[in-house]
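Just passing along the structure, written as C-alpha cells.
Chain IDs A, B, C and D follow the sequence of writing; residue 1 opens each chain.
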Amino acid sequence: MIDFITALVENTLFSATVILFGALGAIVNEKSGVVNIGVEGVFIVSAFSTVYFTLATGSLLAGAVAALLISGLIGLLHGLLAAYLRSDQVIAGVGLNMVAYGLTIVLMAITWGDYSQTPQIGKIQSLQFNIAGKPFIIPVFSILAFIIGVAEWFILEKTRYGLILKACGDEPRAAEAMGVNVFRVRVLATVIGSILMGLGGVYLSAEWFGNYTRATTAGRGFIALANEAFSNWNPAMAVAGALLFGFFEALSISVPIELQSLLGRQFTAETYLFKMMPYLATILVITLVMKKIQMPRALGKPYIKE
Amino acid sequence: STSQPAKTTTTTSKPVKVAILFDVGGRGDLSFNDMAWLGAEKAKHDFGVTVEYTTPQSQGKMKELLETLSSSGEYDLIVLVGFLWTSPLNETADKYPNQKYALIDASTFINRPNEVDILFSEQEAGALVGVLAADMASKIGCNKVGAVAGMSIPPLWRFHVGYLFGVKYYEMKTNKTIGFLWDYTGTFGDTQKGYQYATSMLQSGACVLYGLAGLTHVGMFDAVRDWNKQGKGTALAIGQDASQEWYMPRYMPFSGAKRVDVAVYKAIEMVVKNQWSGGIHVLSLKDGGVGIWDLDGVKYFAEIAYNQSKLEAGLTPDDVVRIVNESRRTYITETGWSIMQELQQLIISGQIAFKSPSTEDEYNQIVNALKNGDLNAALSKGKV
Amino acid sequence: MHREILLAKITRVIAEEALSLLIGFAAAAAVLLVSGYDPLRVFSIMFSEGFRNWRILMEQSTPVIATGLAFSIPMLAGLFNIGGESQLYIGAFTGLVATYTVYNAVGQPLLASFAGILLGALAGGLWGLIVGYLRTYRSVNEVVVAIMMNWATYYLVLYLIVSRFTDPVYSHMSVFVPQPARLPGVAGFTIISIVAVLVYLALKYSGLGYSIRAVGLNPKASLYAGFNIGRTLLSTMALAGGIAGLGGALFVVSTIYSIDTTMSSIHGLGFLGIGIGLLGRNNPIGIVLAGLFISGLQFGGQWVELRTGAPPYLTDVVIGVVVMALSATYVYELIASRMRRGGE
Amino acid sequence: MKAVEMLGIRKIYPDGVVALRGVDFEVEEGEIHGLLGENGAGKTTLMRILYGEIHATDGEIKVFGRRVRFRSPRDAIRHGIAMIYQHFSLVPTMSVLDNLYLSMSAVNPGVSRDDTEERAEKLIAETGLRIPLGKTVEELPVGVQQRVEILKALIRDARILILDEPTSVLTPLEVEELFTSLRRLRDKGITIILITHKLREAKAITDRVTVLRRGSKVGTVKTSEASEQQLARMMVARDVELVIEKPPSRGPGREVLRIEDIWVKGGEGVDALRGVSLVVREGEILGIAGVQGNGQTELCETIAGLRKPYKGRILLDSRDVTWLDTKERYRLGIAYIPESRKIGLIHDMSVLENSILTSIDEYTGRLGIVNWKKAKEKAVEVIKEYGVQPPNPDTPVKFLSGGNQQKLMVGREIARKPRILVVAEPTQGVDVASTEFIRKRLLELRNQGIGILLVSTDLDEIFQLSDRVAVMYEGRIMGEGRVEEFTPEKIGLLMGGVNA
C-alpha cells in the first residue's frame, strides 16, 4: 500500500511539474493580453537546447541557461510579432509548434545522424527521502515549480507588476493612458512567460531524462494550456490543477496495473478505458468547481493605438 | 522459401532502384523503421542499388503516395514498412502487375506474383525473452516481470502471447511462481508515459521490464536506470527490435531481435539476384529473423551508437559487449539459459508452433488462458 | 462603386498574402540553406509534386477544411474551439460504423453512405454541443474541455475500434466501408466546399451569422440587442462540431474507408485545422484555399525526402515558417503603405 | 507663459480621414480653456495628440515653451499632462485604488499602495468627490467612474489637465462641485483644457475658448466677450435654438407602460430597485431625474428585459411582459437607448450593421437571410436625418467621433417607431446643433403619441422635455408630479434623498 502511494505521489509530481511550468509561463504571457499556444514548441526547443548546449559546453548549468535564453528569444519573437506587428497570435503559436518539432529533429539528424534521440548528459540529482525504509524521490524542479507558482501568484495579486500586467490584458487602452507602455509590457511578459515555460523543458532534460527524444514532450504543452484555462489564469489554482491532473494521470497508470494483479487477468483493449480517466476527471472537477470564467479581456487582440 | 529457376535474361546495366516507404513517423522510432533503413543501407552497400526513402505524413496519405510511385514505373521494387500499408497495397498492387512490392511486417493474405509479404513470428522471440526475464526476476528475487507495451496491435498481440508463454514455460519447468504485468501505454511516442508506467510496475513489485513501445519504452529504460541508481532496488530492462543494450549495458542484459533489416535486405536481394517469388514469408527463430541478439549484434549496434556519440561517456563498443556479457552472467542462471535453449530447440525443430491471434477476442482468450496456466492454449502445433 | 471597393479589398488581400508567402518562403529558404539543402530544389519538388494531382489535393484537404471551419466559426463568436480533433474523431468513427451497419442491414449503398455522413456530422455536433454547454451554462472554459475531450475521445474511439469493430481479415484496421457505399474523393471535397460556401453565405447574410459575430465582438451589446447569447454559443459549437464530424465522416467514406488501430489516419487533422482556419483568415472561402494549399505542401513534402534525402521533418519546418510569416499581416500593410508613400 | 502651443497640427487617420487640417492651438498657463466644436470637428483628436496617444501627421507641439515629441502618454504624463476621456481609461476589472495606484506608479515606481490610498483619501476630502476606493470599477455607475478619472488625474499632480466632455454624465450639483474644484485647481496654477458641448458651462467656467470646425480652427475668443449664441454660430455657422419651445401636448392618452412595485437585485446582491411603480402614457415624456447610480440604469434595463425583477410586474399596453425576453419586448414596441455607447453599439461593426442591431428580425426574411438592401436604406436614412459624419454606412463605428456614435444610436432607435421609448442621456456628447435636433425629434415623437421614459442627469434636458418628472434616489421614487410642480432646487433636494 505504501509503495502504491509513494509511486502515486512520485508519478503525480513527474506529470504535474511539466504542465505547471507550462501553465505558469502561459499565465504571465496571457495576463498581458498575448495568447501563446506555442507552449509545446517552447518545451521542445528548451528540452532539446538543454542537451545540445550541455554537450557543446560541457556544463549542465550552461546548457540550462542557454535553453532558457533561447526560450526567452522565442518569447521575444512572439512578443514582437504580437505587439508591434499585430500578428495573429494563435497562428504564430501554431507555426512555432510545427517549426520546433521539425527543426529539433532536423538538428539531431544533422548533428548526430539520429532521428530520434540525443546523447545522454549527466543529469542533476533529485531530492531523495526515506519513507518506510525506501527511497522517495522529489524532483528539485517540482519544488522550484511550486515556489514559482506561489511567487507568481503573489506578484500578480499583490504587487504593482501584477496590476500592470492585468491592465494590459484587460484594458490596454486604459493602461496606455495611465502611462504604461503596453507594447513593452507585452513583449516583456511573453519573454518571461517563455522562460518559465522553458523551465519545463529544462526539467525534462536536465533532471528527468538526461536526454532529449522526439517523444519527450508528447503534447504536454497542450495539457499545460488546459491547465492554464482550468486555473482561470490564477497561478495558485494552476498549482492545484497540475497536481490534480498529475494525480489522475498517475492513478490511471497504477490502477490497471494493480487491478491486473488483483484480478489475475490480462487487460488488453480495455486498458484504453482507464486512460480516459485523467481527462474525464478534469472535466468533472472543473464543472463542479468553476463559477466564472475570468480570462484577460483583451486576450489575443492586438492593441492598436489609432 | 521456394527458389525459382534463375532467369537467364541478364539484367540491363541500369542499376536496380528501390523505394523504401516507411511507416508513419519514419526513421527515429528505434524500431522497425530504423531497422528497415539499416537493411536497405546494407543492400545499397552490398549490391550497389539505388535506394530512395520517404515517410508518409499519415495513414490517409499512404494510398495516394503508393499509387503515384507505382504509376511512375521508376522503381524496380517498392518496399512498404509496417502494417498500415496493407490496405493501400491491396488497392494498388493489382493495377500495376509489373511493379514489385515487398510488404514488411504485415500481410495482405493475398498471393500476388508481384508482391512479397514478410512477417515475423514475434511469439518466438517473446517466448525466449519470457523465459530469460522470468529467470532474471527469480534471480533478483522479485519474482515478477512486466512489459511496457505500445498500442494494442497484432504484432504486439503476438509478443504478448510469446512473452507470457515464456514466463509460464519457465514456471512449469522450475515450479516457481512468477508474477506477470502487461499494460498498453496507448502510445509509441511518449517517453514520459513510458517512465511512469515503468515506475508503477516497479513499485508494484516487478523488477524486469520488457520494452515494446518504441520511443515510449526509452522512458522505461530511464526509469529502470533511475530505480537502480536511486537505490530503490535492482531492476533490469529488456529492449526489442534493434539491440538496445548499449543504452545502459549494466541494466539491460539483452534485447529481443526482430530483423526488419533482414527482411528488407532479402526483398532487395530477391530483385537484384532475380530470385523474385511472390507470396508470404515468415521470418522466424529458425532462420534468424527473430530471437535474442547475440554479442555480435550488440557490438554492431553499440558501434552505431558510438558513432553517433550516444554511448555513455568513456565507453567503447567493446566495453558495451563486455559489460553486457557480465550482466548476462550475473543475472541469468545456468538453468534459465538451458530452459531457454530447450524451448528454442522445440521451436526451431518445429515440435511446437504458436498461434497467431487474428482477432482481439482470440487474443484475449489466449492470454487469459495462458495466465491461468494453460500453456497449450498458445500453441497451434505440439504440446508442452 | 461597391464593386471597386470589393475589388480593391480583394487585390489588397491577395497582395498581402503573396507578400507574406514570399517572406515565408524566404525564411524557410534560410532554414534550408543552414541545414544544407538547396531551397530552390526543395520548393520546386514540393510544388511540382504536391500540386500535380487535383484529386489527391481534394481528398487530402477535405478533413482539414472541415476542422478549419470548425475552428473559425466559433472564433467569430469568441470561442476557442481547439476540439476539432475529437469532433473529427467521433464523426469519422460514427460515420464509419453507421455506413457499415446500415449497408449490412439494408444493402442500400447510397442510403448507407448518406446515413454515415449524416450521423457522423450529428455525432460531431453533439461533441461540440458538450463543449458549448459546459461553456455557456457551467462557465467552464472551452479550452480545457476541448483539450480533455480530444484525449478522452482518442482513447474511446481506439477502444471501440479495437474491441468491437476490427476488420476480420486485417485486425489492425477497423471494419471497412463496404465497397459499394464508398464515395469518390471528389464527392467529399464537393460536399465540404458546399458547406464552406453555405457557411460563408450564412455568416455574411443570415441573422445567425450576424448574431454570431455580434456575440463575439461585444457580448454586452448582444444582450442589449436581445440576442440569446447562450443559444448562439450553443448553436455555434454544435455547428462547428457538426462540420468537423462531417469532415471525419466524409474522409472515411470517400478516402480512407477504415480507421487503423493506431488512429494514424485521422490523428492531428484537428490541430492542422487550427492553422488552416487562421491562414484562411477565418473566412470559409479562404479556408478552402488554405486547406488545399497546406495539403499540397504536405503531400509534396513527401517527395522532398524521396528526392533529396532530407529528413521528412524539414517539410514541417518549411510549412511552420510559412505559417508564422503569414501571421503578421500588419507587416505587409506597413510595407504596402511605405511603398504607396514612396510612389507619391 | 504659454502652457501649450500646438502649431500647424494636421492629422490624417490611417483610413484616410482628415481629422485636423493645420490647427494652431494655444493655452495660457493657469487658464481654463474651452475647446468647442461640432461633433467630428477634431477636438478629441487634437487632445489625443497632445496627450501623446496618437501622433500628428504634421505640426509642432510646445509645452511650457519647450518643444516636445511624445511617443506615448507616458511621455506626456512626465510633462505633467493628464487627460480624462469621456470614454474612460480605467481598467474595469480592478478596484478603484488599484487603478489609482497603477497610474501613479507608472510614473513614479517608488510610491506604495498605502501612499496612494492616503493621498486619495486626502484628495477625496478636499474635493468632495465621493468615491469608494475598494470597489471594482466596472461595478460603479458611469458618474462615479467619471469621478475616479478626475481623481486619477489630480492624484498625479498634473499641471495641465485635459477633460473631454467631463460633465455630460454629471448632475448639476456635481457639475457645480466639479467646477468649484477646477477653479480651485486653476488658482493653484494648473492649466485646464475643457472640451464641452454645453455652452452655458463654457461660459460659466472658461477664461477663453477655441472653436474648431471640420478640422480647422475658427478662432479663439475671450469667454467674457462672446455670448452663447455667438459661440454657437462660430461652431456651426448658423443660428441655433439653444432653448427649445416645447409644443403643447395633446394631452396624455392611454397607458402604454405600467410598472408595478418592481424589486430588482443589482450587483453584489443589493437591491437596486426597491418597489418602483411608474406609468407612462401615450404622448407624454416622463423624465427621470437623479444622481447617476440610483437605480436609473437598472430601471431601464428591467423595462428592456435585460434584468429580471424578483418581485413586481411590467405591463406594456396592459399586457404582462415581465417574463418576456428582450427580443420579444422589442417586437412588441419597446425601444431602449442605453446610456453607454459601448452597450448600444458594436464598435467593430460598421454603421450599416449597427443600424439594425436591435431590429435584426425585421430585416431577416425567410431562410434567416438578412435583407441588407433594406438595412442600408435604414442606415442611410439615419445618417441623413441625424447628420452622422462621415456619411458612409460602411465606416466602422469605432472610427466615428463620440457625438456621431451617439447620433447613430439615438437615430436608430427612434427610427424603429416604438410604442414606448426608454432613453437614457440622449444628448450625451452631442454638439449643440444635434442636441437641438434630437430634442426636437423626441418632442415630435411624443406628439405622435409615443410614450417616452427619459432618464437624464441634465436638468435642463429634463425641464425642457418632460411633461411629468419623477426623481429617483437609492432605488426608490422620491417624488413624482407634473413638471410645473418642480423647481431645480426641489429636484436637487429630492435627488439628495431629502423629502421636500
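Heads up, the rule we're going with is that contacts are C-beta pairs under 8 Å (C-beta built on N, C-alpha and C of every residue); 3 or more make two chains touch, one makes a residue touch a chain.
Given the structure is predicted, the values throughout are model-derived calculations rather than measurements.
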Of A-C and C-D, whichever chain pair has more C-beta contact pairs: A-C
Relative to subunit D, chain with the most remote C-alpha centre: B
Geometric centre distance via CA averages, subunit C-subunit A, whole Å: 26
Gap in Å, rounded to a whole number, between the CA centres of subunit D and subunit A: 46
Chain centre separation in whole Å, for subunit D relative to subunit B (CA means): 77
Residue list for subunit B, restricted to those that touch at least two other chains: 26-27, 152, 186, 188, 360
Set of subunit D residues in contact with two or more other chains: none
Touching two or more other chains - residues of subunit C: 155, 158, 162-163, 311, 315
Interchain contacts, given as pairs of chains that touch: A-B, A-C, A-D, B-C, C-D
Subunit C residues touching subunit B - in the complex, by the definition given at the top: 49, 53, 56, 59-60, 63, 155, 158, 162-163, 166, 168-173, 176, 251, 255-258, 260-262, 264-268, 298-299, 301-303, 305-307, 309, 311-312, 315
Complex interface listing, subunit A residues touching subunit B: 3-4, 6-7, 10-11, 14-15, 18, 55, 105, 108, 112-120, 126, 128, 134-135, 137, 204, 208-210, 213-216, 218-220, 249-250, 253-254, 256-258, 260-261, 264-269, 271-272, 275
Residue ranges of subunit A in contact with subunit C within the complex: 37, 81, 85-92, 94-103, 105-106, 109-110, 115, 222-223, 225-230, 232, 268-270, 272-273, 275-276, 279-280, 282-283, 286-287, 290-293, 295, 302
Residues on subunit C engaged by subunit D in the complex (per definition of touch): 5, 202, 205-208, 210-211, 213-214, 217-218, 220-228
Touching residues on subunit D, where the partner in the complex is subunit A: 13-14, 51, 53-54, 72-74, 77, 83, 85, 88-94, 98-99, 101-103, 105-107, 109, 113, 152
